[in-house]
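Take a look at the structure below.
Chain lettering (A, B and C) follows the sequence in which the chains are written, and residue indices restart at 1 in each chain.
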Amino acid sequence: MSEAVEIPSGTLTVTRPIGVQFSWRKAIPWLLTGPLLLFMLAFYAVPVVAMLLRSVNDPTWTLAHFHALASDTVFFKVFSNTLYTAFTVTIGALLFGYPLALALVRTPRWAPVILIMILLPFWTSVLVRSYAWMVLMGRHGLINEALLALGTIERPFRILNTPLATQIAMIHILLPYMVLPIANALRQIDPSLPRASSGLGATPWGTFRQITLPLSMSGVAAGMLLVFVLALGFYITPAMLGGPREITLSMLIDLQVDQLNWAYAATLSAVLLATTLAIIGVFYRLPGVSNAFRMGAR
Amino acid sequence: MMNGVGRGASVSLNDLQKSYGGVTAVAGVTLDIRSGEFLTLLGPSGSGKTTTLTMIAGFETPTDGDIAIDGKSVVAMPPYRRNIGMVFQNYALFPHLTVADNIGFPLKQRGVPKAERTKLVGDALELVQLPGYGARYPRQLSGGQQQRVALARAIVFKPRLLLMDEPLGALDKQLRETLQLEMRRLHADLGITFIYVTHDQEEALTMSDRIAVMNEGLVAQVGRPEDLYDRPDNHFVAAFIGESNFLPAVVRGFEDEVVVAEYNGSLIRAISPSKQRDAGMKVILSTRPERIRFADGAVESPAPQNRLNVTVTEAVFAGERCRYMLRTGDGSSIVLKEPSSAAIRRREVGERVEISWSVADTILV
Amino acid sequence: MTAMRALSTTVVGLILLFLTLPIIIVVVVSFSSATYLTFPPPALGLRWYAAYFGSEAWLQSTWLSIWVAAVVVVLATILGTLAALGVAHLPKPLRVLASTLILSPLIVPGIIVAIGIYYAFAQYGLVGSPVGLILAHTCLAVPFVVTSVSASLAGIDPRLEQAALSLGATPTGAFFQITLPLIRPGVLVGALFAFITSFDELIVAIYISGSGAVSLPRRMWDDLQFQIEPTIAAVSTLTIVLTAVLMGCAHLLQRRSAT
């Protein structure tokens, strides 16, 4: 019976005043977002835009700096080297990343161990990881010592300060950005599909090529986009490990700032940013890419 | 403030409308829900039943029309001042609070002192048969237990109106039937008004005092469960609740309350509960499959009967009953359901038989 | 079949070795007794840790990095959490614009951010001051807070808030009693990310640290221009342990709030 929950009716009425006035409520999102937006405008967006503007208003409004790039052989060499580096790093990360993603998803027993082995280096700073590769690839580093001991080479050879050194270290640093989206796409494949395929007579390789690989392409696309875009802007790793001749756009920008060539630095920055945004803009609409991007950010 | 009237609130919906940027969810619902009634809003998904409930709770503002509780309009009142209990689909228990804190939540909002709160929470847990579960967290409970906690939380502050949005949807059939009975009991004990939303007609038929069948944002019919089943107002209700056979016919005449209609050369007598019909009008005759019988050798019923010759095209044994698919002279199909019994002869496919059913079970829709 | 399996196990093993070997080497080298960088170390010892803890400059930079990161955590967490709560309710075109601005530091190349900030901060007089580092690092850390808090907000069933309202809680009451406790793990994860972002940040520090605010990564960078001596391996090992512990916490928090 209901007398068990009898309570005095006086306590039942809600005595709180009406909360927030209607007009106030509309202003709340602005009040919440405003401080951060103003902060980022003042200390990040306006500074960056003001710097970029030097590419078109130094000394007066002009497109001369961009026109000058057209006949700038140094720029072309550096720009193509940057694209080439980003490209090789992306391919390398894909070759290393796909099997790793597959192992991460397909072997539940080892998945935690593999995940930690991916995440631990991921959480380590770019500087420390680049330093680690310096140690490994130095004249008396592990690689040379091991090859000498094996008798493969007779004298230590030079890896550090070559494009290869930069590429290996960048693959190492960017690999998790390839593995995680691919693993995510693989995880979303209905496990009964590969089973159905082998039930229908496909060989393991046939199943992989016709079922698993096509269904994981969204993850592959997202991973490649992420790695390529991040590789384009790399500065620390090429500066530490790369050769003095094969410099990247980021390093060229740094050099120009050192020499106080602000207009040239700003022009190069605008080109680098435009390239990055254009690549994202073109590939962002591929199915699965925007999702994986959001996931990656989270 | 609310003495005089019964323990349950009365609710009036007056031409209630809701549209979202051109898409109409509720197109004009008018409904009077009596004090202490168990009323179910039944309809397919997208029929506007949940939107209607959401507007009564106050989470949505109507585009037009009015909602009055005990005669007072509540449209401008925010949900937290309406004093309405609500049980949500998937329960919406606060995951970071214990069962006791979940149930105590509405009391805390109302400034009930802690000692009294503890007592009331204990009583509420008792009422939903979960004594001693107060210290647990929602995730440590089974679906059925979470359901009961949600119910306890919605009634602990003694609201006069309880809204329920498909509260049993996530549970398995057996548990659902147990909880249906418990809710009926709770409704009888508390004496407050229940408004219940479901798409499950069986649930609606077993639990409700009255059912409002909704379709495309409108109420298609309101009535007691047996009225809806036996006297559907329209084609939608006849088809949505239970199973119906539909035969096209033309009105030929009237015999008191009974309409005489012609179907494929035979005269069929029917009743027309809702609308005035005129001779020559094209109508649809509706009959329930279990109300039709094979006429040969059967005992003559004293009630007036309709008769039709048909051919058996399909015979399916389905446990408690046999289900036959029959073809009439013009090629229409009729479904007939008969209780299965070793004593009744099973019909063969291809057999020509006469069937009969009561005029009272023949409805013009 | 087994040959295939052995092959694929070997391939995956080699890739994992490639991933972890550099980290392991750094840790091993940091315990080397040798006075120069060599591998394998002739013997183990703590001399490089002693060198680190005995160096005024290294300790100064470490403290600077820690307290700069701590202030960044406070600023980025408060600003980012508030923005995450508000941004979803802005009118659509503004919402897109605002979230693009907030998330852009994740995509804009570091060198562009760094020289942009250097260009402006030189005029504001913020080069060589911890304040400059704090302001810049906050902008870089905020995207992590906003994404983390937004994710946990998106994970909250909207019916919980409706339930609170139907039970008599005011909108403000529902926020403090229901929403805030439920997004707490997301806020904490964002705070941890913010700390590490600032603590590890180098490119901006290269430009605006000057000589007055030399952060730990900046000092490592400067040292590396001259030598790759094992003190840096010791510092690296310490930062690896610190970030691994913090990120491990963040990872566990994320997984717990996801279930």
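One rule holds in what follows: contacts are C-beta pairs under 8 Å (C-beta built on N, C-alpha and C of every residue); 3 or more make two chains touch, one makes a residue touch a chain.
Keep in mind the model is a prediction, meaning the values are calculated, not measured.
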Sort the chain pairs by how many C-beta pairs are in contact and tell me the top one.
A-C
Quick check for the class: compute each chain's Cα centroid; which one is farthest from the centroid of subunit C?
B
What is the distance in Å between the mean C-alpha positions of subunit A and subunit B?
54
Using mean CA coordinates as chain centres, what's the subunit A-subunit C distance in Å?
15
Specify, in ascending order, the residues of subunit B that touch 2 or more different other chains.
78, 80-81, 83, 109-110, 157
Which subunit A residues reach two or more other chains?
14, 16, 19
Shared-contact residues (touching 2 or more other chains) in subunit C
168, 170-171, 173
Within their complex, subunit C touches subunit A through residues 4, 8, 11-12, 15-16, 18-23, 25-26, 29, 37-40, 79-80, 82-83, 85-90, 98, 101-113, 115-121, 135-136, 138-139, 142-143, 146-148, 151, 168, 170-173, 196, 200, 202-203, 207, 217, 220-221, 224, 228, 232-233, 236, 239-240, 243-244, 247, 251
In the complex with subunit C, residue positions of subunit B that touch it:
57-59, 78-86, 88-90, 92-96, 105-106, 109-110, 153-154, 157, 163
Show which residues of subunit C lie in contact with subunit B when the two form their complex.
157, 159-160, 162-171, 173, 177-178, 181-182
Provide the residue numbers of subunit A that touch subunit C in the complex, in ascending order.
14, 16, 19-20, 25, 28-37, 39-41, 43-52, 54, 96, 99-100, 103, 114, 117-121, 123-129, 131-136, 138, 140-142, 145, 172, 175, 204, 229, 232-233, 235-236, 240, 250, 253-254, 257, 262, 265, 269, 272-273, 276, 280, 297-298
